[in-house]
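Comments concern the structure below.
Chain naming follows the written order as A, B, C, D and E, and within any one chain the residues start at number 1.
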Amino acid sequence: MIQAKKQKRSTSSMIEKFVPYLLLFVAVVSVLTTLGIVLTLVFETFTFFGRVSIVEFLTSQKWYPFSEAQGSYGILPLVSGTLKVTLIAAIVAVPIGLASAIFLSEYASDKTRRFIKPILEVLAGIPTIVYGFFALTFVTPMLREIIPSLEIFNALSPGIVIGIMIIPMIASLSEDALVSVPNSMREGALALGSTKLEVSLKVVLPAAISGIMASIVLAVSRAIGETMIVAVAGGSTPNLNWDVTSSIQTMTAYIVQISQGDAGYQTTIYYSIYAVGFTLFLFTLVMNLFAQYISRRFREEY
Amino acid sequence: MVQGKNSQNETVNKNIVYKTDQLNLWYGENHALKNINLDIYENEVTAIIGPSGCGKSTYIKTLNRMIELVPIVRTSGEISYRGRNIFDKSYGVEELRTKVGMVFQKPNPFPKSIYENVAYGPKIHGIRDKKILDQIVEESLKGAAIWDEVKDRLHQNAYGLSGGQQQRLCIARCLAIEPDVILMDEPTSALDPISTLKVEELVQELKKEFSIIIVTHNMQQAARISDKTAFFLNGEVIEYADTDKIFSMPSDKRTEDYITGRFG
Amino acid sequence: MVQGKNSQNETVNKNIVYKTDQLNLWYGENHALKNINLDIYENEVTAIIGPSGCGKSTYIKTLNRMIELVPIVRTSGEISYRGRNIFDKSYGVEELRTKVGMVFQKPNPFPKSIYENVAYGPKIHGIRDKKILDQIVEESLKGAAIWDEVKDRLHQNAYGLSGGQQQRLCIARCLAIEPDVILMDEPTSALDPISTLKVEELVQELKKEFSIIIVTHNMQQAARISDKTAFFLNGEVIEYADTDKIFSMPSDKRTEDYITGRFG
Amino acid sequence: MKMINHTTVIKRMKPRLIINTFFKALFLMATMFGLLVLGILLYRIFTQGIGHLNLQFLQNLPSRKAELAGIKPALIGTIWLMGVVTPITLLLGVGTAIYLEEYAKKNRFTSFIQINISNLAGVPSIVFGLLGLTVFVRALALGTSVLAAGLTMSLLVLPVIIVASQEAIKSVPKQLREASYGMGATKWQTIVRVVLPAAIPGILTGGILALSRAIGETAPLVVLGLPLFLAFLPKSVFDMFTVLPMQIYNWTGRPQAAFQELAAAGIIVLLLMLIIMNSIAVLIRNKFHKRY
Amino acid sequence: ACGASGNGTSNGSQTDENKTEQAGEENKQLQGEINIDGSTTVYPIMEAVVEEFGMAQPGVKVAVGTSGTGGGFKAFIGGSTDFANASRPVKDEEKAQLEEKGIKFTEFKLASDGLSVVVNKDNDWVDYLTVDELQKMWLEDGTVKKWSDIRPGWPDEEIKFYSPSTDNGTFDYFDEVILEKQPLVEKATLSAAPNVLVQGISGDKNAIGYFGFAYYAENKDKLKVVPIDNGNGPVEPTHESIESGDYSPLSRPLFTYVKDESVKKEEVYEFLKYTLENAAELSESVGYVKLSDEDYKKDLETLQGLK
């Protein structure tokens, strides 16, 4: 019965030839997306630098784009806002994330780990607007009980909340790195009379360091790009200083502010969001490449 | 100074290091060690042989309580080390393990420098003095017969060493905490013949100072280097005696079958 | 109708199905098959034996060009199937493979129902008619001696079957495309003795209709079921002859050594 | 050589063990911190929002009067968005994964695509908003329509589904492919009939994760310029619309307590949607749990 | 025909007449889209209108943006919207651009607003501010401003400024009337969203800010409004003081601008008609002050002319 049918395959061989090209085309969409992002940003940023000098952009210490006539476009205050928030987030997330990772991989039983890890990961899946709301309506008022001078919009509260949001990234990825350290390493150390803590900190952690570093860099990159939390709870005052109690503006929050109203099409302000977006893109790109580099370059040798 | 029950040898004057008494061990439902009685003597090499899965590794890991890393393990019976029951609540595993070193089947150096590998033990035990550490590292590496090969690259990563060198490094790491007993679980099975020979020589050397218990698959090796041999089968000790006796006139048919390669 | 060069048998009247001529195969730099010459006859069971890594699987996979799934493979020489060189550009692999079925070492049913497993081949070859499909499925399952065991659960998942049943299902799946030759790569090595027996019986049955080439580690099996046996060693065919002859009076010392279990 | 004094070693044992216990407690507390915050967050939102959560809230249009306000357009808008994002991401994501796993040769171009995908995964969502604004809203003149937002979101979550699908395809055993080829199936037949069905659970799980991300994102939509007040339902993909996170953001911005509670109620609805979707993912994973 | 409807003063009579008049049309459900953008100050009125109109005409999709007056005009010039709400009259350059694009438009007044200066609830020192003090406070002069700089006896603490953004008509109005077009303090937190300003001021003891009266009215429990002294003693913005014009110079009219072409569409026409008919009531309900009936009547006549 089959032999008869075996002959007719011209359409199917057409498909065979055609499909790889179609799929290649589909696969290229992701490249086109990157290209689209880069071109969009570069193009409009270019227009922006036609109106504002790049030197001013990089060196001026004031960001005041609202006056078309005598605006001031120094990215540093926005960068400082972003860095403040990111730093606070890292200070919260790195120790807690690492401690959670160590607990889960070295101390917790299998059952505990299987129970806790997914719950922890829920934290990473909560929409950021929810965190923004939480920062503004819960964390800020709570912090103001402790620090009365804290302004309603500040760097501290969104920083802490972003930190909480990226805890599971660090915990989960670092835990993967720790778990992949072979047990023989732990046994070797335990057999020398080490306590569990010594095994974890002196043997396992150093052995997994590249995976851990990569997870931290990725999490920090995520913090840099975080938008809604800072837009809701961070304020809109670009400042070049290290004060975390006063209102700030991050690069992302600036883009949101302008997108919400102030962007008259083709004004300098309009183009400025692309210049800021481009700066942001570069920051995160460098971080991502760095994370890939360390996880590849310093891959553990065991 | 007590005559071991299973031991049919004549050396009555030696000190007993480990005394195993009615030891049973289960992995969950799996009864892996059954009624083990075994006395291990000081400054001897005791070999443990037997087919795969007979419980050799399980037994040797019980001696320094590494077996407790497997959560489903239960034991009954007693093992006393130097007269003290190691299962005693008051006996800290860390304390036991500083006296009982262990070398594993696959070399498992830490991903650190050679120096740091050896200095790891002394450091965690509180030795900070750089000079003393240097000295310990040197002595230990010499003790493990690897000093000459690595003395010029102490601060390079241990993973640059060959498998045989790594295994001797692990022995050096073990010597650095100045243990009393050294447990070795098939320490040469991952090594080439020449490295194996070196490790075997080393074991002969070490027994002057330490008591050594070695698990091996290799009958010839057991015959070559051990003073006593215990033959395990299905979680039981079938025969335990002087190595010469075991290999020349085993008293149990199964021992003989195993030694002559009829199974295993 | 040509007498195979290596074959020292007397059956000259049988048709040659596969003629392998000066076949060489490399995995990158690894020369895995060296100068293979081998003629396979119609309606016979040809067994391929040899120690691990000698190239048995490589050879059998070359016969239906499955070997091309490994990207680094290069070949030279010629294999003709029914007189046509299978390496010919114009020869579609799909066409070849519908004529040459294959059964693998580990049973590998699709994660679909029993019915769908068997109907898979006919369907991809364009048969849509439900009645015809039903018929093919039944015939094939009967042909693979598994119909009675599964006829009441045709639409249950194939992974509910035992290993032996799964393997026979895979054979049925292979029968469903009505092949001319069936290649089997250690089809029983993952099975228990009883299932093995069933598959062996089946092979005896199948050779009435198909030509079968079977790789096996099990000498007894080769002796039991095959008409001809080829002994591979290090990528070469050392000896190829009637099975009776190979097992009673091998002409090569190495064949004898292997058959008597002196190595491998 | 006797450089290690075993009695001091044993004396030092105790503090070391205490430190060990102390740190264990510390690590446990750190782990619990995350869970605690999650608990507080959910508790706060539920107690704040539960009062507004009723059928009327789901059926009403947004209103300037808090007691009348509802989330219908946002809810429907979110479903519309999912309707656009799902087919696009599945098609692009699975297609890319098949290409990379089954067809692509291991060469520089392939690894370039791969690196590109992991970088794309790290691009902040707001930058995707800028892309969408420039390309879809302005250049293609789609305005702030469902389609423009859906395309933007699709690109945003594309890396998630590509990577998940790749993993799923990779985990289909080689033997299944061999069996299919062995019967004379072509590559495409093998992919469609054997590989994809076996990879479906992983792909669907990835798809749901991607979709969860898409319906929770706010920033790119703000950049696209979705309108603040919208009291109608979209009828086609070219209509303007709003989504749950935007509506929540809108209410969060209002100082009055009643709107804060509305925001909390909206968040509950959003979280419920996410929980349902993730439960489906878990169900799929369990149902299809690898049989081979 | 529409002119007749303007006679009723009460809203009730208006709708009554509408009913009879539109008996035919009422049943006819309109379809279509209306795009509105612009002033945040006008937004509360528009929001109310859209909501009410939506109940009568659910088939008409009205989207309201709040880009601020400037932003609204930019969108209007861009051609993407039918209405531009404004809290100041259209500027000459905007007019020019509209002309250039060939966009004809008509201005409609909706209500009067009293631009309100507000401080934190806990601010117990500010009793009123003179226009001069306001100017001194809000003018950029390179110094850090403290409350004690404004009036002796006030706390020696830095003032925190919250202002609408430069795209807001409110900013323009304030800038023009109080600062006489000089730059505003750069340290100010600028936001196009008045609600953000409300949140900021209500959370900051040393804050001061300003925006449309509706936003104060909505948040009376969180904010304290500052009476303004323009030489005739401090006047607090209230319904009466705005209506009477006593609250000066910060009283101002609110507008919406419609694209003439759009009015040709029935749904836009009906929407605008509905807006004008109900502006009085709805603007009062959100806190603004309605215009005289004459004004609305005139507006409706103008609308009639555009049809």
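A few comments on the model shown:
Here is the rule we use: contacts are C-beta pairs under 8 Å (C-beta built on N, C-alpha and C of every residue); 3 or more make two chains touch, one makes a residue touch a chain.
These numbers come from a predicted model, not from an experiment.
Identification of common neighbours of chain B and chain D yields A. Traced through touching neighbours, the fewest hops from chain A to chain D number 1.
For chain pairs D-E and A-B, the one joined by more C-beta pairs in contact is A-B. Among the remaining chains, E is positioned farthest from chain B, on the basis of C-alpha centroids. With centres set at the average Cα position, the gap from chain B to chain E is 87 Å.
One inter-chain figure worth recording: chain A and chain E are separated by 40 Å, centre to centre, where each centre is the mean of the chain's CA atoms.
One simple way to say how far apart two chains are is to compare their mean CA positions; for chain B and chain C this gives 49 Å. Rounded to a whole number, the gap between the C-alpha centres of chain A and chain C is 54 angstrom. Each of residues 65-66, 193, 196, 199, 202 in chain E touches at least two other chains. Residue numbers of chain D whose C-beta contacts span two or more other chains: 9, 16-17, 184, 186, 189, 225, 253. Taken residue by residue, chain C touches two or more other chains at 94-95, 98, 121, 125, 177, whereas all remaining positions touch fewer. Contact residues on chain E toward chain D in their complex (touch as defined above): 33, 43-44, 46-48, 50-51, 54, 58, 60-66, 80, 193, 195-196, 198-199, 202, 218-219, 222, 286.
For chain D in complex with chain C, the residues that touch the partner chain are 105, 173, 175-186, 189, 193-194, 197-198, 291-292.
Contact residues on chain D toward chain E in their complex (touch as defined above): 61, 63-64, 143, 225, 227-232, 239-240, 253-256. The residues of chain B lying in touch with chain D in their complex are 92, 94-95, 98-99, 122, 124-127, 132, 135-136, 139, 177-178. Residues 64, 66, 69, 71, 94-98, 101-102, 104, 106, 108-112, 120-121, 124-125, 157, 159, 170, 173-174, 177 of chain B touch chain A in their complex.
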